[in-house]
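In the two assemblies presented below, subunit A is common to both, partnered first by subunit B and then by subunit C.
The block that comes next holds the complex of A and B.
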């Protein structure tokens, strides 16, 4: 390397660039070192390395899967089953954690002493107990508390809750695609309606009741598909069947396993406490002057919350809430403790044991969690940018 | 500025050097046993056991490990170090056990592990023998009216452990019977017991010895029974790392010595007095004839120490499995001379 030239070219830009390039090079070398080291050690111990096992038959079954799967499928398919189960419990968890979190967060600011104190107690209790204990509590407490299949809790003869799970009717559709199209179509209409309404407001100051029209569209169009689109829906109700003297099971319908229920419950109740605190911080973070100013120009209470307080509060709420969504997704890996077949139990557990491919499987699993987290991050950053102050 | 660039280049070279060094390390397969040398240097045998399976490897309140798997490690310690108590136990989950062994965290894995082709051939392990012949069975509630596996019907739910051959056998079994079942697999045995106890599943399936042991942990053990059928072969045995044949032989013959000692009626109390026995096989066992220990770099009393300090296989079985009420009958784990299938190559 010619140092003289290098010195001449050291503009401000290069000054920053060179250490960065060297850092990246160093990191690459470190990775290469670890790879070679692992390879030579594995070679010495007679362990082969490769991803060929993914196309082998898995030969183990999984309790609960969103896609068609049994032991005659491949390890790759088992991985997919685990991944989808992880995504399922995360989505359910995030959904309920958000609703619960926002409710509790607002409740903590309530003028009503009882409401505010209950919310505070909720937060203090649930965020201070380790999550794994809460998962065990909900799972084993629920299992012990729920009745056996034969004495199920009966909801209007169509849904049944017992120790083996929650059985609900299965939807049996005809012409489901037409129904789906009608929903997609109504969303497209709502999108354009929103654009149109904004234009009208900006140009002529006219307010169009978009909310009511949207509700009408989203109910009306699918309803129309039933009436003239040939869509119909029937229900398959679970039926109690006796297997032996005291062993009963519900056949038909959809069974929601207790592992999923308790895991989703534990995850959302735990994460909701943190979201609640974020929401509280967000609302408190909007200065009183803003509300007073909004009131002084004649906005209603609802308008103040919607147009002035929330847009500013959201800017404070979103970034830390993103963290909580990521935490919830990663925490879902505790599923293995209560036999919920997520990616850790199915892939990094059973598949790892059956194949012995620890390094391959753990790297795949880590990469999967990384991509999951990054996707959530990317989405939330996009949303955050949308909500951020736009300098005009 | 120049100074900082120099620093960076230095760092770069240093990391290159690191890479070069990394390739040089390792290297096994020499004639001497690295594991034996390391064990002697450390002064204890690094032994991987279960997280608590009565009869096989279980720790009491004081942290003392007992069981027939534990006795294999004790035998190795007696042979190599002269003291059966010089063992460091590492409790491992089913998932961790092989990685712990291949990475060198432990040197002997005595953790009720089933010997299968893929485990033996594929993942850098070597099984040295069988210390317990087991088979997978089912436990059900007595009141359930299920008396045989033929009473299972579509929709039955079965609890078990993940990461074991049990999960695979279960599928093979239900598929062959054409029964749709719900598999619920937990990471730890304690959770399986709790879930089964709570009624989450109709049957609990694992190795029969395991069922017998876990039954004692249920809230009402008498309300449950193990079905008569055995659906798989589960030869459980100690495992070592591939590539150290001397160490492999030491562990294999430590186990064989215990079984052979029972065959010749040599036990912990009479072993030393049999030094002048008329039977050359017995004399070899107690180190009074031949130079058998030299083959793996041990002295001639290695087998005598195993018998004196740990006992023969029959003593170990009686103490840990029979007297604890887990499996009073030895079944296939009886000597070949008494109708079982325990048969080891002669020590000569």
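The block that comes next holds the complex of A and C.
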């Protein structure tokens, strides 16, 4: 037995243990201190910790909601309304930011000097102005300059833009579920087609025009549902109606409130600059040798882009871009500044003011964002592991 | 008919340039006439075609002068940079036409039609921007609601700061250390005392009155100084071998990174006081500073961790083989190299910090953007939102742009030294 070594190990272990115990102890003390204070504070105000208030009647209204909601619904429902609004603006923002960002990222690499410079200046300008100022600008300055309801800007008589918002036709579906099924079904078919095509390629080296067949499927199946599935679609166009001598409103259709427009505009224009930089870095990150090698084995230009450049560029682009999507979602909380009823305004604002339950409400709000972030970062780690170049 | 007879070559270069140039010129004249004199010189054509004439003329003209290796240097340059294909020619024309159409109205609004003279909203008559608004409110935009007679204190504090920072660049290396230590540990307290007052015969100014651009600088500067060491320690903690420390750091970092700053500020405003003994009051500004610092420290930690991970293992092993302990190894060998590697990341975090400062409006502190919000709701100055936000945006843009340029230069400079 080597006692000398054992002793050394023990002392080493002790050396490691002390800072850890101190850290844990400190954490526990802080938590205890905060809990005791919170308890006495809440006791003084006559409230007790608990989430029972969620099932109480909220008795406040929300200006914009995707689901049925009014004052008689519960706080939990108000939370859901806020969450859905946050998700709505994030999805819209992500959609446009991606399109804009990819376009500008590619434009920055254009041979055309003017195009490249314009894209560069777009990035420099919109990246360096605080997002909140951009939101304020669109909401308080740009959209307020729109005409009044009476002389709205008219888009081909089906959609109207004025200072109260943007009125677009409403889709009125019959048998919507069949249409939805047809879309889901076409996605499933495309998935299997992709598998089959890969098998064919790996086994026999045969190329199947997956893209064209997919496009055909995704257009054809829903179209079929219209023709034989009994699905039909009509539009409810907003109509200008006169309420009194000077008051006009649009009836029917869907109204997109200016808060949503300005928030989505600012979010997508701001985030697009970061996505553009990611796209540029990704495309530049594929070494020239790869393209030359692909060209030398006789691939066409389209094939080089599809089979050699894009897979490698996407590996560089996707992780930071997902991060940007996450940032966009978190930044959508700035909605509170212009009174777009997102989760922060509805729940951490109005509901908190009414109930006074700061700890519960703030924790729920933060936990919501936290779980969103963590789930995306877990997905990202999985994706990175899957996409990592398996060299050795 | 064979279209290739229209393809220019070296033989009839001059005639092609002449024809192409004329066509392009016609396109430009058309667009200039229609956007400046609102007369359509091609009005005799059908509506839609007349709208597209400048584009068609320009495209055809550019097609004619697209000659490979013409021998004319200028023409070759134009062709490679603006006119390499039909698509590129179209893009070039669209960009130029958009510039011709939209830049002059913008310039008019900004400068030529703008109002600079006067003191009230009624002096703005010419239809352009009303910079009188900015002129009248400038004092408030810079100092917030800070009393006019005491503003020299803010000026002194910032002037001293700039002088000290400037001095740290020029004094010999030996004294640099002391100036930096003074700047980091002593000066913030002096500066804060000077601005807040209360002692030494200075009038006390409560933090609610602070505001404007100076508050932006105060908040960013303090958060910047404080978040750096905390972030570094968190980064070291996350890479520590000791599980308790590692998981605490991971938990802390991910918690702050996972939530938006606005909820953190809400937390500091409404939830944090609940956790303190009854009756203790922590100043609003201090609470905000703590919140922003912790928030940015988490981001800083991830940046620094990136640098730590990028260092080759040999550096650690070499330091250990010299008999260095954990702290000496990190402070003398690892951190100086790691931090150098992540200068762009650090600069980005600082930029994000500066851009995040307007959010402090949620707790009722009004820096530049908040002051603009306040000023535009003043009954005497209604309808001045555009000017206010453009001004604030310009100020922030200049700050952020200069910072990002500086960081790029720093990066380049440090790269050559390696």
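To be clear about the criterion, the second predicted complex is superposed on the first by the 336 of 392 C-alpha atoms of A that agree within 3 Å, B and C clash if a C-alpha of one lies under 4 Å from a C-alpha of the other, contacts with A are read in each partner's own complex, and residues count from 1 in each chain.
What we mean here is this: a contact is a pair of C-beta atoms (placed from the backbone, for glycine too) under 8 Å apart; a residue touches a chain by one contact, two chains touch by 3 or more.
Just so it is clear, the model here is predicted, and its values are computed rather than measured.
With both structures placed on the common chain, the touch criterion links A:111 to subunit C but leaves subunit B unconnected. In the superposition on chain A, contact is made by A:124 with subunit C only, not with subunit B.
Of the two partner chains placed by the overlay, only subunit B lies in contact with A:241; subunit C stays clear of it.
Touch criterion met: A:352 reaches subunit B and subunit C at once.
When the two complexes are overlaid on their common chain A, residue A:137 makes contact with subunit C while staying clear of subunit B. Of the two partner chains, subunit C is the only one touched by A:374; subunit B is not. In the superposition on chain A, A:148 contacts subunit B only, with no contact to subunit C. When both complexes are overlaid on chain A, the residue A:337 reaches subunit B and subunit C alike. Of the two partner chains placed around the shared chain by superposition, subunit B is the only one that A:62 touches, whereas subunit C remains out of contact.
Residue overlap on subunit A between its contacts with subunit B in one complex and with subunit C in the other: 19, 23, 37, 40-42, 44, 140, 144, 336-337, 352, 358. Interface residues of subunit B, counted against subunit A in their complex, comprise 1-2, 4-5, 8-9, 11-12, 15-16, 18-19, 22-23, 25-28, 94-95, 98-99, 102, 118-119, 122-124, 141, 143-146, 151-157, 159, 162-164, 167-168, 170-172, 175, 181-188, 191, 194-195, 198-200, 202, 241-243.
Considering their complex, residues 16, 19-21, 23-24, 27, 34, 37-38, 40-42, 44, 110-115, 118, 124-125, 127-134, 136-137, 140-142, 144-145, 330-331, 333-334, 336-337, 344, 348, 352, 358-359, 362-363, 365-366, 369-370, 372-374, 377 of subunit A touch subunit C.
Listing the residues of subunit A that touch subunit B in their complex gives 1, 3, 6-7, 10, 15, 18-19, 22-23, 25-26, 29-30, 32-33, 36-37, 40-42, 44-48, 59-63, 71, 140, 143-144, 148, 163-164, 241, 243-247, 249, 251, 258-259, 336-339, 341, 345, 349-350, 352-356, 358.
Of all residues in subunit C, those touching subunit A in their complex are 80-82, 84, 88, 91-92, 95-96, 241-245, 248, 254-255, 257-260, 262-263, 266-267, 270-271, 273-278, 351, 354-359, 361-362, 369, 372-373, 376, 385-386, 389-390, 392-393, 396-397, 400-401, 404.
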